[in-house]
Amino acid sequence: MITPDLKIKIGSLEMKNPVTVASGTFGYGPEYADYVDLDRLGAVTVKGICAEPHIGNQTPRTFETASGMLNAIGLPGPGAQGFIDKYLPFFEDYEVPLIVNIWGKTVEDYGRVAEILGDQSRISALEVNVSCPNVKEGGALYGTNLDLFRTVVEEVRSKTAKPIIIKLAPNVAGIKPFAKAAESCGADALAVMNSYPAMAIDIETRRPELANRTGGLSGPAIKPIAVKLVWEAAQAVNIPIIGMGGICGPDDAVEFIIAGATAVAVGTSNFSDPSTAVRVIDGLERWMADHDVALVEELRGTVIA
Amino acid sequence: MITPDLKIKIGSLEMKNPVTVASGTFGYGPEYADYVDLDRLGAVTVKGICAEPHIGNQTPRTFETASGMLNAIGLPGPGAQGFIDKYLPFFEDYEVPLIVNIWGKTVEDYGRVAEILGDQSRISALEVNVSCPNVKEGGALYGTNLDLFRTVVEEVRSKTAKPIIIKLAPNVAGIKPFAKAAESCGADALAVMNSYPAMAIDIETRRPELANRTGGLSGPAIKPIAVKLVWEAAQAVNIPIIGMGGICGPDDAVEFIIAGATAVAVGTSNFSDPSTAVRVIDGLERWMADHDVALVEELRGTVIA
Amino acid sequence: MKQENTTVLEHRLFHGDYRQLTLAAPAIGPLVKPGQFVHLKIPRLGEAVLRRPFSIFKADDQGISILYKSIGKGTDSMRSLQPGEKVDLLGPLGNGFPPLGAGSTVPVLVAGGYGNAALYLQAKTLPVQGVAFFGGRTAADILCIEEFEALGWDVRVATDDGSLGTRGLVTAALNPWLEEQRSETGDPKSSGLEHLEVFACGPNAMLKAIGDIALENNLTAWLSMDRNMACGVGACLTCVIKRKTGTGWEWARCCKDGPVFEASEILWDEN
Amino acid sequence: MKQENTTVLEHRLFHGDYRQLTLAAPAIGPLVKPGQFVHLKIPRLGEAVLRRPFSIFKADDQGISILYKSIGKGTDSMRSLQPGEKVDLLGPLGNGFPPLGAGSTVPVLVAGGYGNAALYLQAKTLPVQGVAFFGGRTAADILCIEEFEALGWDVRVATDDGSLGTRGLVTAALNPWLEEQRSETGDPKSSGLEHLEVFACGPNAMLKAIGDIALENNLTAWLSMDRNMACGVGACLTCVIKRKTGTGWEWARCCKDGPVFEASEILWDEN
């Protein structure tokens, strides 16, 4: 029986395995360190950061739904410099590659945060959230309008030499044009998918369950949507794709990779089981061994469709 | 305590309660007649019919997912005349209003089926499926391209005086333009939402779980997406909306109505519990009584958001 | 066909990996015909939107029982069912097996896996007892031998590993027996086996093999087909197979038009 | 803080609608400090993606126990837990209650609902026993009176329906007692109650009322806040409340920075 090699590359970023965590579900790094050996992960992806500190949404911010949850956290955060001061030192004790998810209210914002964080050697890559479904000042807009989308990708690209991962919005008629645009504007990789715009209402109070009214649906409920979007995006581009959406175990990761993903991210499942990402890594290695798959590359996009 | 009046109107179609069944989950009428007193329903909505008989997709056609299911039935059917001959007589023994869901491969198809079925006095309304996510020859296209969408709605409108309900595609960046377009092209009502384009892959065979490769996601998993789309569409138009997506009980129906729906449809839940629609009707009446709501109208769109 | 909220009377290990679940179902029980099935809503499996179909093993005025093997999340969670718990059923569903045909004198049952359960009521109902061929991977997979023998059936077993009966597929036991049965009719168009009538339920590959044998020997063979189901009542068009027509083929629903079809009707798919 | 796959040792009706669930948790048990909680993964609730937080009632080297009331789908399905079943926990979480402050001589506990459970370990740990005020709708809602009295606490009860103790909210019992306690200090800036230190857990409205009383009388009051949680470990920013800062306010996470906050820190929201 072979011992599979799980190494993969996202642009110049080398990951010893294809498993990271989804931005916003794993805090800024320290929060899960008691439960997960961060150095086991292919990379840690932290909560979305913008140029300036941001207060985010009022509460309630999350709500549980059938096999999923809604979130409208609203991207609170310490801002680029705050992140560097408060959280970057923590990672000095670890070797795991660090991916920082960034967002902005304006194209300039995107550029500024990319520039500031791009200068940090401890940061391995930037994941650009153009698909945040719940920040009125931005997000959705950039992710669903092809022209705005291009300007943001170009702006970020022009401001950093680090690998940039463009995280696509799922709520579009077709994902391929956005995938292609990101690639042609110099993106190193794609992340598919962000949570899906949704809503729940408390029938007694007649108020939305979220202070922000709408939020993003995530978890196993959306997995079949995510798998399809990864499969379509993979047909459109040659850059790697980080697949996410409802991944709870090794089989889910294998499904995303077969659909065309080079790497995967565990999000909502961290909440029910912090050991999910490590289970996925161990399980993926076992699965590859059992199936005589030596390299993730050999599995990627092998769906017979 | 008041006894609520559940009557509602969809154009000229009067329903004694706001609950119907979702096309494709209730066959052509007879299939559930042993389990459900059809005359209890506000209306029966039957499987999609096109002008000519259609063979549909190969098998497997459905697959269960977390709190949902995928379907790619592919709209097999007897065609307009076949439906009239085979199934219309069955409804002579019932008083329940009959809504026939129609679709086409071409704009002319839509017109033809609308014309043929529009002449049938037993049929109360036509629901136009422009959002079928899994028929390669059409569907999705019409539902996600605003120009094609308009031509189809205009074509159907021009061919029948019966109420037409336009069933919108969920996989668009914004639902409001489509809702407005349908209204301005003479639609009497909207149906929101169809199942969401999705995919699942068998990791052992590496084949999609559906012969059609992709299919539509339905069930409780998508309810929060549907509630949001109904809420948005209701803000954009003045015509009634039939809300659907994961409705399993009275509370779900109340949630959709509070979000802006005038009526609701029970789909996937018929499979796990054929009595769902009747439970929804009885439960809705009880809920309205308990909450001193005399008319569905008083509840509609009362979300405080 | 009824929807009934039944109560678990007994739940026990039956044989090998199979469990027997006995349900108090006074509404459904009395209606059952051989070869029909129930569509069972799995309790405590909140994330599952679909029921699961199970052939009716035994039935009386009080209720029914099924034999099942746990192969996935639904059947796994069924294992924890306790007496007294509620289980929602739709049933009896499908049109089951027909009575023995006019020209037929010797009924032949061929079964694998839960097929043995699916054929039990037919074995009990048929006017004459013939020969029952049971196939499986190993001895533990062969269900209900005693039950069928008690009904007066001549039970012949084949197992892949030879741990019981003939080594090999069920056809390894069936074929030689068929040769013994072949009578010289003089009629060149006759196979000499027309006095036999086959009733079969089991894995798809087995049914296909039986179907081929039936066609070669122009035997009447009734095959109970297993297809994934959603509604179970004919509404969703999930469970369709291709049924031959004069001109070509049409879709037939296993849940409603089947699950039992005559071998010559079936157009076998590649997949 | 650990993730531990614990085993149900005992599960019984405790008092009123409350059940006690005792879990073998040798890893978590020894780490528990008063006022901390565990984040519990509900077994057999496949459609739930989130855990549920529960205050730790009792803890020792072998494990922990919690008291819970079934108010929704998660706590409903917990009711079927059997001894021997596995329950996955994260814990102990949060920073719990601090020890009695230097200047304080009389600890005062104020609790409602599961708050009584949340305060038990604190009551047990405090160097001096003071007065415990318990509030609830009716007698059946008042938990652990015996337990607290056994620890030497003077328990005062208030129920909305007067079925036990003073009729009214817990403040109806607390306020008159506070007046008795007020000592003449001569210092105009003093409320004469600074020797008291309050530890409270219960419904939001109760905590708000206690917080207001504390501010008026510049008492130190530690309030354990209940907010919906997702991660339970500080990662998702779901459970935030507004904490006063020199300039204004900042978000503080109940799960990680709390659940216990000092009354003067909290900026109460309208909603």
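Chains here go by letter, A, B, C and D, matching the order in which they are written, and residues are numbered from 1 within each.
Convention: a residue touches a chain if its C-beta (ideal position, glycine included) is under 8 Å from a C-beta of that chain, and two chains touch if they have at least 3 such contacts.
Remember, predicted model here, so these are calculated numbers, not experimental data.
Asks: Compute the centre of every chain as the mean of its C-alpha atoms, then state which one is farthest from the centre of chain C.
Replies: The most remote chain is D.
Asks: Counting only C-beta pairs in contact, which pair of chains has the most of them?
Replies: Summing C-beta contacts for every pairing gives the maximum at A-B.
Asks: Measuring centre to centre with CA averages, how many angstrom lie between chain C and chain D?
Replies: Once rounded, the distance between the two centres reads 59 Å.
Asks: Can you give the whole-Å distance between the Cα centres of chain A and chain B?
Replies: 34
Asks: Centroid from C-alpha atoms only, then distance chain A to chain C, rounded to Å. What do you get?
Replies: Computed value for the inter-centroid distance: 48 Å.
Asks: Name the residues of chain C that each touch 2 or more other chains.
Replies: As it turns out, chain C has residues touching two or more other chains at 46-48.
Asks: Residues of chain B that touch two or more other chains: which are they?
Replies: Counting only residues that touch two or more other chains, chain B contributes 66-68, 219-220.
Asks: Under the touch definition given earlier, write down the residues of chain D that touch chain A in their complex.
Replies: Checking each residue of chain D against chain A gives 1-3, 41, 46-51, 88, 90, 227-228, 230-241, 251, 256, 269, 271.
Asks: Contact residues on chain B for chain C in the complex?
Replies: For this pair, the touching residues of chain B are 24-27, 31-32, 34-35, 47, 55-56, 58-64, 66-69, 71, 73, 76, 211, 219-220, 268-275.
Asks: Help me check something: in the complex, which residues belonging to chain A touch chain B?
Replies: Going by the criterion above, the answer is residues 65-68, 70, 144-145, 169, 171-174, 196-201, 203, 205-208, 213-214, 217, 219-225, 227-228, 231, 246, 251, 254-255, 258-259, 287, 302-305.
Asks: Give the list of chain D residues in touch with chain C in this complex.
Replies: So the residues of chain D touching chain C come out as 44-48, 77.
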